[in-house]
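Quick heads-up: structures coming right below.
Two complexes come next, and they have one chain in common, subunit A, joined by subunit B in the first and subunit C in the second.
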Partner chain A sequence: MRKSSFWNKAGTRSVLASLAAILIGMLTGGLVILIVGLSNPSLGLKGAWEGIRLVVGGLFATGRNAGGSLTFGFNTTSFGNMLFRAAPLIMTGLSVALGNKAGLFNIGAPGQYLAGTVGSLYVALSLPTSTLPAWLVWLLALLCGMLCGAVWGAVPGMLKAFLNINEVLACIMTNWIAANLTTWFFDASNLKNVLEGTKSGYIYKTSTVMHDVLMDGARSTVGAVVPDGAEVIAARGGVATGKLGLDKLFSGSQVNGGILLAIVIAIVIYILLSKTTLGYQLKACGANRYAARYAGIRDKRNIVLTMAIAGALSATGAALYYLSGNTEFFWNTYQSLPAEGFNGIPVALLAINNPIGVIFSATFMSMLQICGQKLTELTAFNEYITNVIIAVIVYLSAFMLVIKTWIGKLRKGKAVNK
Partner chain B sequence: MPFLIRQTLVYAVPLMIVALAGVFAERSGIINLALEGIMIFGAFMGVLFVHMVQQWGWFQAAYDAKNYLALQGFCALAMLFAALLGAVFSLLLAFAAINLKADQTIGGTALNLLAPALVLFFIRIIANQNTLNMYTGDAASWFMLKKAMFGYGRTQQMGFLGSTFVDKVYVATYICILVFIVMAVILYKTRFGMRLRSCGENPQASASLGINVIKMRYAGTVISGALAGMGGFVYVLTTANCSSNGDVAGFGFLALAVMIFGNWKPGNICGAALLFGLFKCIAASYSTLDINGDGVYMLKNLNINTNIYRMLPYVITLVVLSFTSKSSRAPKAEGIPYDPGKR
Partner chain C sequence: MDHGNDYVIEMLHITKEFPGIIANDDITLQLRRGEIHALLGENGAGKSTLMSVLFGLYQPEKGEIRKDGKPVRITNPNDATALHIGMVHQHFKLIEVFTVLDNIILGAEDTKLGFVQRKQARQKVEELSKRYGLAVDLDAKVEDITVGMQQRVEILKMLYRENEILIFDEPTAVLTPQEIVELMHIMKGLSREGKSILFISHKLNEIMEVSDRVTVLRKGRYIGTVNTAETTAPELSRMMVGHDVQLVVDKAPAQPGKTVLKVTDLHVPSRLYKHDAVKGVSFSVRKGEIVCIAGIDGNGQTELVFGLSGLEKCSGGKIELEGEDVTHAPIRRRSETGMSHIPEDRHKHGLVLDYTLEQNLVLQSFEEPRFQHMGFIRFGEVRKYAERLIEEYDVRSGQGPVTLARSMSGGNQQKAIVAREIDRDMPLMLAVQPTRGLDVGAIENIHRQIVAQRDAGKAVLLVSLELDEVMNLSDRILVMYEGEIVGELDPKQTTVEELGLYMAGAKRQQRKEAQA
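The block that comes next holds the complex of A and B.
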């Protein structure tokens, strides 16, 4: 009796449907690899089998042994990098999930992510760390990034609320405008990486230490080493997210405290959505905007607010990624949008818009990315197969409802047979 | 001036045909957000077709003999192939949206994610890099019309009309215009088109008159896929030297905006596409644009930042939409799964 009530719970069915989607996605990816392997004599069945094993267990791959066959084992670098990459995905996933809960399809996450990148990187690289402590600069950078993201997210929100423009279209347009503005902003700024001559199109890492100096009467910027006879006006940079000991736990990886912050924010959003009046109002607007208005909820304000919060969340993802100190931003990006933004969509859909679920689906998604990386490193296949898997999962989640009904019928069928 | 018109057409025509693709899907009741993905897929398939056929050496003889007619036929075949595969790809959306009553926005997004992923996966395996080029030669020498083909010498001029519409253009552009006109007539002047449009307005009423709504919606989505696939190939043929890299730089989404801007009507879409094409053309080549032929690059002398020109199409879309969204005439039943029992 208790067992059947467990199976009939809506939550269980949702989790099962998500797991089914993941399974089918993985199978599709495996099938594509198998077909490519069999049709390519240089790869063959053996190559395909190696590819399939890496797609499933790439997280544990440790390379190849002397005999040339794949070796597996616990790998702190891969684990740490998975957690590091999960943090921005959790944030963009939360952004899309919040939008979905309020009935808005937030495809504007890439643009908001760029806004967060601009805001946080500008503050982190411009404020003088010679007068302010580095942690304060980090915090201000994060907050400025969030603010930029919130403003950028509010734009399509206002267009939707006051001018009745479809939010999907408004978001897509603001994405491309953001891409152009970002390129313009960094092109005009003095943050382009010129100290390392080989880098073109990148700006400084936030951990780079720079000195504004007065040399022979002219102002210039030099790196960590100040030449003789130059007078230092201010030092900038040297900002990075705290490691909080995680780097010792996962040695050799890029992990830092960002993942913990992301998890805390996910819990905050969960509480906001399920335990507060504001959350209730947002969900009511999502369920039926006009009914909510009839009940005295200010629907327009809520739409703008939802998009602003969603924008701030995406932007936080960007800040956590780029403030880490070991990532650099390619600013000449006017023709492409950041994949982290779009990946928020599958993360949210896989978690069925549950903020706590987002933590797990984002981790899964970043695990897939690690698998893809290993696939490129160790075999003739490449990382794009993981994007195929993600796309199949999104495709399946479009008719999650049908899958849930199937699962329900499956259970019922068994019950009848007994 | 001839250059400006020619370049505008290069950008406007793919936009136009892909926006019409959107019209066919939406008029039958299916929101096709996957236009971008289908374009990417069609572009890849067209380029792959050209690549493989060249590899087999089928048209090498025609190329060596300067048999331009045969080469144009080859180009048309590639367009047809891209259209065919685009139609097949769009079946994924049709199946999810019609048979499984899926959320069409998410389904379209899935296709937009799937197309570049699949395409890049295969390109990397085929070409060992992130771009698939033609097997030999370039698009201009194989498929472009040049004045030399019409017996003009290197220094001879073709006149205004000739140098605008004949010299240095692709026949593919004109094929697209022709297809656009034919499809627009089909949508408005035939029984099939009328039935298709009725399914996007009130499918239950259409069904009561004996129209098979499911079949019509499949037809709308598949035609949409074919047009978008062809548009994708023509776009990379004319702007990217017939190479595919899993990206069409947001052109599919721009086409979606053109469609809404054009109020789901072919005539208006034509005008909107020309306007957007003009801005795209200005953004791409404003610094060397000599509008009235006096040797002065006027737009460059205005000293406006490049990024402003690049942003213009998107900003204008938002501005125009904010003025017209109140009077927009979207098909009434678009995005709503067909339920025969509902009235």
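The block that comes next holds the complex of A and C.
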């Protein structure tokens, strides 16, 4: 009896549907690898088999042994990097999920992510760390990024609330405006990396220490080493997210405290949505705007508020990624939008908009990216095969409801047979 | 007419369960060829479920369906269509921006080389329209025609598809009295032409007038099938409800007190057109009286209520509630100043269908300190409150407070709204068609509660399209015609006929602007 009620729970069925989507996605990816492998003489069946093993277990790949065959084991670098990359995905996933809960399709996560990038990088690289402690600059950078994201998210929110413009259209437009503004902003800024000649098109890492110095009466910016005879006016940069000991746990990886912050924020959003009056209002507006209005809930305010919070969440994702200290931002964004933003959509879909589920789906997506990397590193396959898997999962996410009904019928059929 | 025992459709021992509820429990329904067979039952009695089973929307756990004596399996609506079963839904399934003709042929178009053969279609529809007396304007867009004509379009859709078995799901709920008479006439004509009709209703007088036989359901169970000629309305109502029902409201004379709502020269714009739907309406409602706004649907009543409740901005005039000017106040402010509101459309405004019953019961009050602490919902208190309301107002549902509003029957959804609004205990209650689409038992219950509100010193503004309700419940009647109040009547001194004349705009009074 207890068992049947467990299987009939809506939650169980949703999780099963998500797992089914993942499984079918993986199978399709395996099939693609098989076809590519067999049609390429240098790969063959053996290569294809290696590819499939890497797509499934790439996270555990440690390299090749002397005999040339793949070795597997606990790979701290891969694990750490998976967690590091999961943080921004959790944030954009939360952003999309929150919008969905409130009945808004937030396809503007890429633009909000860029707004967060600009806001946080500008503060992190401009405030003098010679007078302010680095942790404070880090915090201010994060907050500034969130604010920029919130404002950017509120724009389509206001267009929707007051002019009844579809949020999807407004978001797509604001995405590209953000992409161009970002390029223009950094192009005009003094944050372009000129210290390292090979890094044209990149902004400084936030961990880079820059000294504004007076040398021979003229003002200039130099790196960590200050030349003799130069007078230091201020130092900037040297800002990085705290590692919190995670780097020791996952040695050789980029992981830092950002993942913990992202998890905490996911829990906060979960509590916001399910335990507070604000969450009650937002969801009511999403489920039936007219009934919400009838009940005196300020639906317009709530639309703007939802989009602002969603924007801040996406922006936090960007801040966590770029404030890490070992990531660089390529500022010529005007031709492309950050993938982290769009990947928030499958992350949210796969998690059925549950903030706690987002933690897991984002980690899974980030694991796929690691697998893709290993695929390129260790075989002749292209890492884009993992994108095929993600694409299949996205498609299946859209059919989640159908899969859920199938599972329901399957269970019922079995129950009747008994 | 002797129909014999020639059954077109037989539904034998149908059982259909939903989580926590048995919607149909061993129900048998046999439809004879050419008869009008009424299916009678309260809301939640299982009528809609039974029809959904016949239409292939649900699969029954037990039971058998036979067509012309042969067992058939109906797994989806296409199977039903192939068996020539057609249905006029309570909410019409028409495309508003298409013409009447296009709506009729949609999905069953004759094509030649991919082009729709409208000429032949038009001929066929015109023939059908003449034969069955279904007057429609084939070239009008559906959005521009009356509800009554939309219903005739739905009937023509079934006839165009050569359906033999026609199901009418509460067809009179949306019609004016004249349109109802016309529909009865049409149904009789269809039956004469050999069509078999299943007529779902809970209006006893209509069933008595038009049907040959009646099958009664109660709480998912089959109660019996009787010949209409051999029964009476009270007997049917006893079968349906299980006990005697009082069809006339018992109430003491009103004891009006001080004015609660005062409306002066109110103008409210129409959502569809560029002119005002409410054109300078003045009236007042006092404590301890039920004032009823009567009128044919679409004469500005909806907009008047929207203006009063704040759902629509007023374009002129003044609304005073408890002495406070709330003409431009937001909805929340009005509601807190002293207005509760049973909305006209319970699905659109009354409920968040994807919320649970308990969540819906605190739709306005969730921000009150008793239900929240520092912005966190006090779930225990909400549950206790919901349980009390469910108990007191007899709201029935599969899983109690955690039932999704969507999965509740229409009558119980309405009971939940009424419970919520009455319990908010406000000096003024706006009740807009509070018994729309409900069965006798539920209507009686809600009427009693509205009268109890009045006797407890509340001011009630009732908007109703049902003449019986207007005559039975109100202490004063205001008739609206084309956005204006054309008459103020005393229900004890007027007749339904006189009321009808005012409603049709054939008669009007010169009223003094708003009495003190």
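Note that the second predicted complex is superposed on the first by the 418 of 418 C-alpha atoms of A that agree within 3 Å, B and C clash if a C-alpha of one lies under 4 Å from a C-alpha of the other, contacts with A are read in each partner's own complex, and residues count from 1 in each chain.
By our rule, contacts are C-beta pairs under 8 Å (C-beta built on N, C-alpha and C of every residue); 3 or more make two chains touch, one makes a residue touch a chain.
Predicted, not measured: the structure shown is a model, and the values here were computed from it.
Enquirer: According to the stated criteria, A:V226 is in contact with first (subunit B), second (subunit C), both, or neither; which is it?
Expert: After superposing on A, A:V226 lies clear of both subunit B and subunit C.
Enquirer: Using the touch definition from the top, say if A:I390 reaches subunit B (first), subunit C (second), both or neither.
Expert: first
Enquirer: May I ask you to name which of subunit B and subunit C touches more residues of subunit A?
Expert: Counted on subunit A, the partner with more touching residues turns out to be B.
Enquirer: Once the structures are superposed on A, label A:L278 by its partner contacts, choosing first (subunit B), second (subunit C), both or neither.
Expert: After superposing on A, A:L278 lies in contact with subunit C but is clear of subunit B.
Enquirer: Which holds for A:R293: it touches subunit B only (first), subunit C only (second), both, or neither?
Expert: In the superposition, A:R293 contacts subunit C only.
Enquirer: Check the residue A:M215 against both partner chains and state whether it touches subunit B (first), subunit C (second), both, or neither.
Expert: In the superposition, A:M215 contacts neither subunit B nor subunit C.
Enquirer: Touch test for A:I24: subunit B only (first), subunit C only (second), both, or neither?
Expert: After superposing on A, A:I24 lies clear of both subunit B and subunit C.
Enquirer: Do subunit B and subunit C land on any of the same subunit A residues, and which?
Expert: none
Enquirer: What part of subunit A is in contact with subunit B in the complex they form?
Expert: These residues of subunit A touch subunit B: 32, 36, 40, 105, 107, 159, 163-166, 168-170, 172-174, 176-177, 180-181, 183-184, 187, 334-336, 342, 345-346, 349, 380-382, 384-385, 387-388, 390-392, 394-395, 397-399, 402.
Enquirer: Using the touch rule from the top, collect the residues of subunit B that touch subunit A in their complex.
Expert: Touch residues, subunit B against subunit A: 33, 92, 96, 100-107, 109-111, 113-114, 116-118, 120-122, 124-125, 247, 249-250, 253, 256-257, 260, 305, 307, 310-311, 314-315, 317-318, 321-322, 325-326.
Enquirer: In the complex, go through subunit C and note every residue touching subunit A.
Expert: The touching residues are 19, 309, 311, 330-333, 335-336, 341, 343, 348-355, 359, 363-364, 366-367, 372, 375-377.
Enquirer: Mind listing the subunit A positions that touch subunit C in their complex?
Expert: Listed in rising order, the residues are 8, 275-278, 280-281, 283-284, 287-288, 290-298.
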